[in-house]
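Structures incoming, each one as structure tokens.
There are two complexes below, and they share subunit A, which is joined by subunit B in the first and by subunit C in the second.
For the complex of A and B:
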């Protein structure tokens, strides 16, 4: 009897452990390459580390400097504005394309591939490509509009044009990725719900608003958070598209952090900037989760 | 199954042991401005033929160069050799081997020393800023230009070259990288240094400094200088090579770059002046690093490279100004251009040379002055910009 009980408890232990064993390799890699550097980064943020010599502890000095750093504040504010402008546009564009593409169109596969195509291009290349197109002196865009008899545009020399250019090319490049998520979510909405709504006399718009939209909530939250994270971390596309110019109009937080760490070699100070950015992103994500799950808790 | 497992284990061990047994390769870190990397590769091939020692030339983009070097040193994987600027020598001086007794330093100028007063570099070349002009474009539009015996003031230069504005095939009269290294000659040409005595009393808010920055601001505002580099990372040399610009403010490192890339006639002319002529002097050197595991081999190579036969071959084939006393370098088809650079150096007062050298020793200063040029191009009050620069510079020196 005791042997039977022991073997049963061993089996239970094994059953409980197996999932963790499967998770272990990923957890180890995640810890080594993400968690550990993040902890080291937090430590560096309290030092004067220059990337070469042994760091000295400076307490909250880096954070005090940040408080007075106009350029960091400008980059951070610019990034927040970009998140606020870009995420809804990416969200709506990808959802709109997904809604069209799930309909029984001819050559649906072709359209799906076409919208997804830009996702497969590296962001560095996307930046280069659009930089060539929108180059104010020798770009395709100005060649075309001057060919049509219009005056050449200052394109990337104009701060506002360059800033909205970033919004546009980010959307162009990434909407296809989020479209796939929406397509998967839309296809999993039970058909019976639409049938019931139709029987109740719901219009197309009502069916979307009362059936489709609530049914894809997990995908919505996922797209919103992933897109926001991506825009917060925007950098490679900027380097080749505008280099942060003109006049720092497209200079965002990650570029500022990178240049502080690897051009001015103030790694400790740049680490403090990263910590602040991490706090921002965490708070933003937390608020988003809170707002998204409010309905569920109320229910 | 067990046999298969044992076999895999043995194979893994063989691979591991053979990897351990491989001799570490000697590396030289390098960046290219023109064709000088090819010349160094020829010298490395010659060195291998003479001594059997293989040195791998690792060419990196200049923008990533210092970061990579820093990471390698910090990670305990310092390269045996590296091409370095004065800034690199200053930032890494405690990690660089002393070259005392490695070569005869009295044969060279432009040395750099560590805290113990020991030389830590072999000077490879000297650089000077200068003014490239597109002769084809200027002749086509009937524009005159200064010559070696006829140096102009900036007023004369601006008046003449402004005739290019709006002309057919002209994007802008000139092009310029918005960098400290291009702006500082303008300051010096106004007769002013950045600091009176290093890092104590600044001249940044003096009337001369205000005049220099105002002049630059007006260049951008009037379209005298192309604004496009401000919309992208620096690419003035590439823009000049399109043939749509009358002049390019740069330096002698672009001689071979322009020569191989353009299909128009060009030359180098003296830079204009306000109070006095002035250029910025710089240079590249070779350094050997501690903890590379191949320290003696690196020192042996530097001793070999310092010999006249090798050193003169490098400067002559790469078309560089030589730091070796008594060297007779034939610049061939670029003799006229190099005569101008040498004249710029001769016409530059020592106090400007020293002022610039002290600036490059401060890590972080360069990006701050780059910001100033960008801020000035955007507009705004010049004096306020200079006051802000002074505050930021003093901030990093504290």
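For the complex of A and C:
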């Protein structure tokens, strides 16, 4: 009797352990490579760590310095401006091509695949590709506009051109991805809603504005948040497109953090920048979720 | 449904050219000889076709080695990702246990911690575990993906509990249930995780940038980025390398197009 009970409790212990064992590999990796670095990063941000000598505690010194650091502020501000400019453009482009692709076109699959294809190309190659097309000396862009009788542009040597170039190539590279999300949402709008609107005599534009647009709200919020997060951490595409130039015009937060840590070896200082960046991301997503869930209740 | 009008086709074609022409132009450019590449009057098609850029790229700087490194990383990391994410997804979908909700929320909240934010301390962690400058640093850590787990969990919720229970009553071990009942039933989700993982690893830049130092361990993206970042860009070999690096993704895409479309929708719904 005693023995039987013991083996039974051992058995239930073993069955209780099963889900934890299945989860173990992932949880170990997450703890070591996400949670642990996050904690270490916060610790570093309060030290003068240079990557070699053992770190000394400096309190809020790094954060105080950040407050007065024009270069960091410029990189952050530049990133925020990029988010504000790029997200609506990506949003509208991907919604627009999604609306085209759900029309009963012949060879619809072919169009959809072609729009999606840039998503499959690495950001490094996308940046390089467009540097090749837009470079001022022997880019196709200049060959075309001089062929049309215009003066050659200084393209990527011009700060404004390069900055808007980033907006454009990001959109080019990612619109297909968000298009797919919109397509899924658009196809799940109930047909009855359109029929009812049509009976009521709504025009095409009215149908879009009063039926389609409100119905795809979850997808809209998702695309908005995902795109904003992506632009906020923009980096690889810049490496091969402009390298941050000309004159820091396309220098954004992640590049600044990377170079501060791995080229100037100011690891503690760079960690403080990362913490600030994380706060921005968290606050931004938090506000979005808050606003969108409140809108849900009002509706 | 009625047919789309001519206007729709015109717009669809305009976007087609915007998305495809630049890619074609890169492919054609990679067949141009040096003299044409550095000429101010560029043409869309090469005036003279040559394979020199490709042969030069293969001669220069261990290009074959970079391809091999990338392939090695992408394949192994994908296998690992499929295994551990299916395991975790199964645990979260089909077991009730202490802390299950908290673990799920914890896993999902790691999405909020992008690699770019923790890259500085990750460098220290990799050094501590002796993974710095090792390809394993590109294989093991990125294999655990919150989106993969969530995708798998959502998918496995659909498997009826009775099937698993009856296998348990028949005395099948938990591991056996996992690989002979759960895994075969999860094939569509496994396919999605596999192709996305392969694409992420093949195209990845930030992980290799943090983890790899010596050129012998470069992946393709790291090599292309370094060549393209030089003051005097070697257009010939960098163009050729870029084109070659796109080929495996093109093949994967053409075969698994449907899964990509499906997966984009599912992974987006975090």
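Simple rule for what comes next: the second predicted complex is superposed on the first by the 266 of 299 C-alpha atoms of A that agree within 3 Å, B and C clash if a C-alpha of one lies under 4 Å from a C-alpha of the other, contacts with A are read in each partner's own complex, and residues count from 1 in each chain.
Everything below uses one rule, namely that a contact is a pair of C-beta atoms (placed from the backbone, for glycine too) under 8 Å apart; a residue touches a chain by one contact, two chains touch by 3 or more.
The structure presented is a predicted model; accordingly, all values stated were derived computationally and were not measured.
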Original post:
If you stack the two complexes on chain A, which partner ends up touching A:209: first (subunit B), second (subunit C), both, or neither?
Top reply: neither
**OP:** Applying the touch criterion given at the start, work out whether A:277 contacts subunit B, subunit C, both or neither, answering first, second, both or neither.
**Re:** second
Original post:
First (subunit B), second (subunit C), both or neither: which does A:137 touch?
Top reply: both
Original post:
Looking at the overlay, does A:150 come into contact with subunit B only (first), subunit C only (second), both, or neither?
Top reply: neither
Original post:
Looking at the overlay, what does A:77 touch: subunit B (first), subunit C (second), both, or neither?
Top reply: neither
**OP:** In the overlay, answer first, second, both or neither for which of subunit B and subunit C A:37 touches.
**Re:** second
Original post:
In this superposed model, does subunit C or subunit B come into contact with more residues of subunit A?
Top reply: C
**OP:** Considering only the touch criterion stated at the top, classify A:104 as touching first (subunit B), second (subunit C), both, or neither.
**Re:** second
**OP:** Pick one for A:29: touches subunit B only (first), subunit C only (second), both, or neither.
**Re:** second
**OP:** Look at A:290 in the shared chain and tell me whether it touches subunit B only, subunit C only, both, or neither; answer first, second, both or neither.
**Re:** neither
Original post:
Which subunit A residues are contacted by subunit C in one complex and by subunit B in the other?
Top reply: 131, 137-138, 239, 243, 262
Original post:
In the complex of these two chains, what residues of subunit B are touching subunit A?
Top reply: 66-67, 70-71, 73-74, 91-92, 95, 171, 226-228, 230-233, 239, 242, 244, 363-364, 367, 371, 374-375, 377-378, 396
Subject >> subunit A to subunit C touching residues, read off their complex >> reply: 15-16, 18-20, 22-23, 25-27, 29-30, 32-38, 40-41, 44, 97, 100-101, 103-105, 109, 111-118, 120-125, 127-133, 137-140, 142-143, 172, 176-177, 180-181, 184, 222, 226, 229, 233, 235-236, 239-240, 243, 254, 257-258, 261-262, 267, 270-271, 274, 277-278, 281-282, 285
Subject >> Residue ranges of subunit A touching subunit B (in the complex, touch as defined) >> reply: 50-52, 71, 131, 135-138, 156-157, 162, 239, 242-243, 245-248, 259, 262-266
**OP:** Could you pull out which subunit C residues touch subunit A in their complex?
**Re:** 1-4, 8-9, 11-12, 15-16, 18-20, 22-23, 25-26, 29, 37-44, 83-85, 87-88, 90-92, 95, 97, 100, 103, 106-107, 110, 112-114, 116-125, 129, 140-141, 143-144, 149, 174, 178, 199, 202-206, 209, 221, 224-225, 228-229, 235, 238-239, 242, 245-246, 249-250, 252-253, 257, 260-261, 264-265, 268-269
